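Next come two complexes built around subunit A: one with subunit B, the other with subunit C.
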Partner chain A sequence: MQLSIAITPPLVHFSRQRAAFILLVPLVVGLVVFAIYPAIYLVALSLTKSTLGQPFKSWVWGSNYLWAGGGDGGVFLTSLLRSAVFALTVTGLELVAGTALALLLLKPRRGDSLIRGSILLPLMTPPVLVGTAWKLMLAPAGGLVNGKLQAWGVIDAPISFLGSQPWADISLIVADVWQWTPFIAIMAYAALKQVPGDVVEAARLDGASEGRIFWTILLPLTAPALAAIFVLRLVMAFKTFDLVYILTYGGPGNSTALPNFGIWRLAMRSFDVGLAAAETVLFAVFISLVLLPVLRLHKRFEERT
Partner chain B sequence: MGDTDKIAGVALDRRNFLKGAAAAAAGATFGVSPLLASRAYAGQELNLTIIQPHAVTGEYLKKEFLEKFGVTLNFTVIPYDQIQAQATLDVQSGANRFDVHDYWYATIGALAEDKVVEDLTDLIEKDKALVQPEDFLPAIYDPYSLVNGRRYGLPYDGDIHLLYYNNEILARNGIGVPKTWDDYYNAVKLVTEKEKANGIYGAAVLGFKVPIILISTYGNRLAGFGGSFLKDGKPNLLSEEAIAAAEELVRVAPYALPTPSETAFEQGLPAFLAGKTAFIEFWSDLGVRAQDPANSKIVDKWGAAPVPLGGNNKANVASLNAGFGWAISTGSKKKALAWEFVRWATSADVTLQLLTLQNSGIDPARTSGLNAGSYKSFAPKVQAAIAASSKTLTWPNGPQSPKLLEALTEQLSLALNGQIKPKDALAAAQKEWEHLLA
Partner chain C sequence: MAAKSVLIFRRSISAAGLFLVLLFFLLPIAYLGALSFKTRDEVLVGQFFTAHPTLDNWLKTFEFIDLTAFIWHSLLIAGASALLTLVITAPAVYAVAKLGRGGFVGQLTLASYVAPPVVSLLPLFFLMRITGLLNTVPGMIILYGVMNIPVAYWLLRGFVKQIPVELDEAAWTDGAGYIKTFVQINLPLLAPGLVATGLITLILAYNEFLFASVFAQDNAVRGLTVALSIFQGDRIVNFGQMAVASLAGILPVFIIAYAFQGRLIEGMTAGSIR
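So, the complex of A and B:
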């Protein structure tokens, strides 16, 4: 007590300021190293003609953006729209399927922990292996799916699931949903567990059906959490690369080439690092624009509850 | 080259000199310098990249180089489609881990432009007697090494495609070996229509959307029709031959092993070696694999021929699909030793040993190898088919080549899937090539 009295107010103020500054240093350094510097480097790179071997060869200013913005015949812009359709579709399907799975998990039954563990298997499998497994299953010659369909007389010739449209899109969606639904299910299960049990019990005692309980109690109460899960998964879906690389390599033609895959091809196959950087910047802006209404929706749900 | 050129600190003392002189006579026979033959570099190491299909070659070179010269070769095996990126990043990042790179010839212009590989012109000239440049197959030597009048590497694997066929399938369908692409189409169609129900197809058409696969398949047809990718350095994709080649590729697709756009090496090769397809276009080393009972159900039941002809073309032309050489990294600190390795590994003796080594993945790059008795008896059908090709079709190999090949692959893939017409695909590729080469 005496010690604190001995310290003069200005010194206390100075020490607090210094302590605050010191505490902020790691955050600032982290931000500079991991966010600000890479962002500045990326934007600068996008304004140059750069190859993998010779970054910053010459300044070309906006010409990479002009090329990506339509000069390439709309290839990149189309891939942006494709990514939005893909991300929204898979996220929507996974949210519905994952929530349904979570509702099933809510009912206590024997072997609960084993079931919960086993549904996580697809999630724990490396994406490359998921892609390889689906590629083998969907192969036209010797693939499980074609083999069974032919054996049952459903088809008389193999379907090119990965080499023709709309099958290639459907195959990608199915593989993605198979892999990521367990993730949503576990998150949704955690959210549903937070709903007070007595509210649900009271509704049951009042004779409410399970469907009514879900729509009027469970869903409204977990909406903010489910919206947050949706946002998280949406961002992840926009970044899909592995499945496209393994399953279709962007084909047939470029009809399944999502922006991540296209940017990788530009940088690591064509070695046009400048254009790849410009497309990365545009892609980041595009994702932000798509996320804005979703984030607003999330905020509204939070305010309601 | 800089200070590191000075034979990597190896002193040419009296002992080494005498050893070198003694080894000189034997050394000359094997295309190695007296210094290397004297084991003056013994105890040193070299780091090299090598493509995955050449892994067996790497093992052989490692063993021989260590036994003969006491130098350890540390090979890093890399997927063939990532070799350029690895080499470039190694130098650009300053890591400089590698001394020697296995390179695909179509990337030599880009590697030289990005200063990833050393200019070897003066070294080749200085060691002409050991290098024997006149022995390299003329159609291969320049495309594999020459960029703007300077040489940046030496070839050791001269890859072309041949048309492989299954004798049994052809015989039971009354088909001869196709001489033209029209014959080929009719044969493929006939076999598929008759035997599809038994899981046997006319051909495995490799149409997966990566340049080394799809452009090889297109290149075979372009070569057959006598066309070219570039003419006087300008895109030539709208020539009559180029369009006919693309149309031929698209025409056969419905009768091929389903489906060409999903068919890469791992789908096409097993199908042919299991006797499930009548034809496949593939590199000449398939002839060795097809005779290996461990991998093949068609031992002694296959044949190889030059790729068919098309249009008015009457001469067999081989498309230089893939093909690799050795180059020295600009980041190497052991350039003199690296040069010793490159010269030795591309020598007539070593490449001949590799030609006759099971599963080496190496095809003739030298005239002496192609005409050697040991190679003729090791792969007689393949040797005859290669020797029958009088001309070659070179892929673009300038600095823009990676982009050009990606752009063409994209468009060919669209055509192969029926999303656009072959002519429109080539028109789009031509436009992009003009933009890239402007």
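So, the complex of A and C:
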């Protein structure tokens, strides 16, 4: 490689180094604007008293952090923990359901492309509209779910699914599972397709049951891919905002105000930008802390294969 | 004989399972469809089907809010930003994957995906206000164009790695420059990957809500997701009209998704399966 370059000296072209530099410049600019500048600005902001109209009003150093770290009576710390529980719950449910769905899809049958098209639907639906659809379905008056449950005599009075706990949490989880299980199903489907067919065929000829084939062949071989999918989706689940905004607006009380929503509300509705910045920094640190063991596990999986 | 009936039993279980799953995934959308044909009074009954279908909602919603404009803003911003994402990301992926430079930048790009979007919300708000990009179409295009870089990087890397490096080495040996090799040899081969990645970033931008709710509040920029959230906050919530607005907003992406299913699935899985 190096040799060939030496034999045919470049005439007008750039060196490898310079060509790479030119190709990378736009990305670096984007990274600076979207990642590095915000990170520095945010940390600075978190040390100040700031409003939307007047950022950097005065320096208050650690007091925003003290407030977010427990001075508020643990409201923010609780929402951090809740986000971890939410993210792990939906990601876990979606991984199991998505993998099961992928196994169902694995058998070729008539109408395959129609089925694939249908499970793409939730993915293509903007989360705001997913929220709207579920909100209409779960509405106490005129919602399909309450209507049916009452008609069947399961309940006497309509349930306020979005206004009372634990229903609000459950509703959020159901809507999230609806939206994202297809995503995992498609990725898991692709991973399962990579397993060599003759291995599965040989096991089947030896009389292994479908369940045994899954547990001893398919699952171990696709574990690294599934772990990667898990991490990807977990990161996304931590960012959940739209569903909370539309379905519950953080309520009842503050019980469904996941950090992304709580911080947005603090900055854009209460205008306490300094505190919002401090909470964002703590949130980012918290996500990293949760992800580190998950990433380590993922790495171990990859090394094993 | 017994084995055969067990097999048939199994097949029908898996078919029934698939049917139930599809029902679950289609139900909310189908319910929106059913609602959109109901009169206001009938909506309150909580039945799925209507006895007296009416087109009223469909006619009135477009009068009530400027839905066509909102959808057009969304599509324009999403489409242009997807192009911008590709223009920024594809060369960089080539530099890292084929020229072996800038690996650190690539890592940093992927790492930045982990950061919650609220991280950049406030700094970008102030930046966009100072530069006058707040509430403008170009501002939103740049914002989404940059926002989706990590996802595009992740996906394109999968596609670039499928193009054998020997091809590049042959071109370099023949005296083609590195940039020329990228443009004339890799880009054409990368076309399917670019289409898939572009589609996914387009859909992500079309569906985005958090940034849109802060940076695109003006009616001249407002996209579909923000328009609908406002529609929803309306005192007089009209389920039927909300359903119409939602369906009209979903339609463009559904058409894209159905037309390009193969590409989309290919794109979604490119990153995870190398």
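Definition applied: the second predicted complex is superposed on the first by the 274 of 305 C-alpha atoms of A that agree within 3 Å, B and C clash if a C-alpha of one lies under 4 Å from a C-alpha of the other, contacts with A are read in each partner's own complex, and residues count from 1 in each chain.
What we mean here is this: a residue touches a chain if its C-beta (ideal position, glycine included) is under 8 Å from a C-beta of that chain, and two chains touch if they have at least 3 such contacts.
Just so you know, these numbers come straight off a predicted model, no measurement behind them.
Asker: Is A:A141 contacted by the first partner subunit B, the second partner subunit C, both or neither?
Answerer: Both partners, subunit B and subunit C.
Asker: Look at A:G250 in the shared chain and tell me whether it touches subunit B only, subunit C only, both, or neither; answer first, second, both or neither.
Answerer: first
Asker: Contact-wise, after the overlay, does A:P55 reach subunit B, subunit C, both or neither (first, second, both, neither)?
Answerer: A:P55 sits against subunit B and subunit C alike.
Asker: Look at A:L205 in the shared chain and tell me whether it touches subunit B only, subunit C only, both, or neither; answer first, second, both or neither.
Answerer: neither
Asker: Report for A:K239: first if it touches subunit B alone, second if subunit C alone, otherwise both or neither.
Answerer: Only subunit C; A:K239 stays clear of subunit B.
Asker: Applying the touch criterion given at the start, work out whether A:M268 contacts subunit B, subunit C, both or neither, answering first, second, both or neither.
Answerer: It touches subunit B and subunit C both.
Asker: Decide which partner touches more residues of subunit A, taking subunit B and subunit C as the two options.
Answerer: C
Asker: Of the partners subunit B and subunit C, which touch A:I22 in the superposed model: first, second, both, neither?
Answerer: Only subunit C is touched by A:I22; subunit B is not.
Asker: Contact-wise, after the overlay, does A:L291 reach subunit B, subunit C, both or neither (first, second, both, neither)?
Answerer: It touches subunit C, and subunit B stays clear.
Asker: Of the residues on subunit A, which ones does subunit B touch that subunit C also touches?
Answerer: Residues 52, 55, 139, 141, 268 of subunit A touch both subunit B and subunit C.
Asker: Mind listing the subunit A positions that touch subunit C in their complex?
Answerer: Residues in contact with subunit C: 1, 4-5, 7-8, 10-14, 16-17, 19-24, 26-28, 30-31, 33-35, 37-39, 41-42, 45, 52, 55, 101, 104-105, 107, 109, 113, 115-130, 132-137, 139, 141-144, 146-148, 150-151, 178, 182-183, 186-187, 190-191, 194, 210, 225, 228-229, 232, 235, 238-239, 241-242, 245-246, 259-260, 263-264, 267-268, 273, 276-277, 280, 283-284, 287-288, 291.
Asker: Taking the touch rule as given, give the residues of subunit B at its contact with subunit A in the complex, in rising order.
Answerer: Those residues of subunit B that touch subunit A are 81-82, 84-85, 88-89, 91-92, 110-111, 113-116, 196, 199, 208-210, 257-262, 267, 271, 276, 402-403, 406, 410, 413-414, 416-417, 419-420, 428.
Asker: What part of subunit A is in contact with subunit B in the complex they form?
Answerer: Residue list for subunit A touching subunit B: 51-55, 73, 139-141, 157-158, 160, 162-165, 249-255, 265, 268-272.
Asker: What residues on subunit C touch subunit A, complex-wise?
Answerer: On the subunit C side, the touching residues are 10, 14-15, 17-18, 21-22, 24-29, 31-32, 35, 43-48, 87-89, 91-92, 94-96, 99-102, 105, 108-109, 112-127, 145-147, 149, 153, 169, 172-180, 182, 203, 206-207, 209-210, 213-214, 224-225, 228-229, 232, 239, 242-243, 246, 249-250, 253-254, 256-258, 261, 264-265, 268-269, 272-273.
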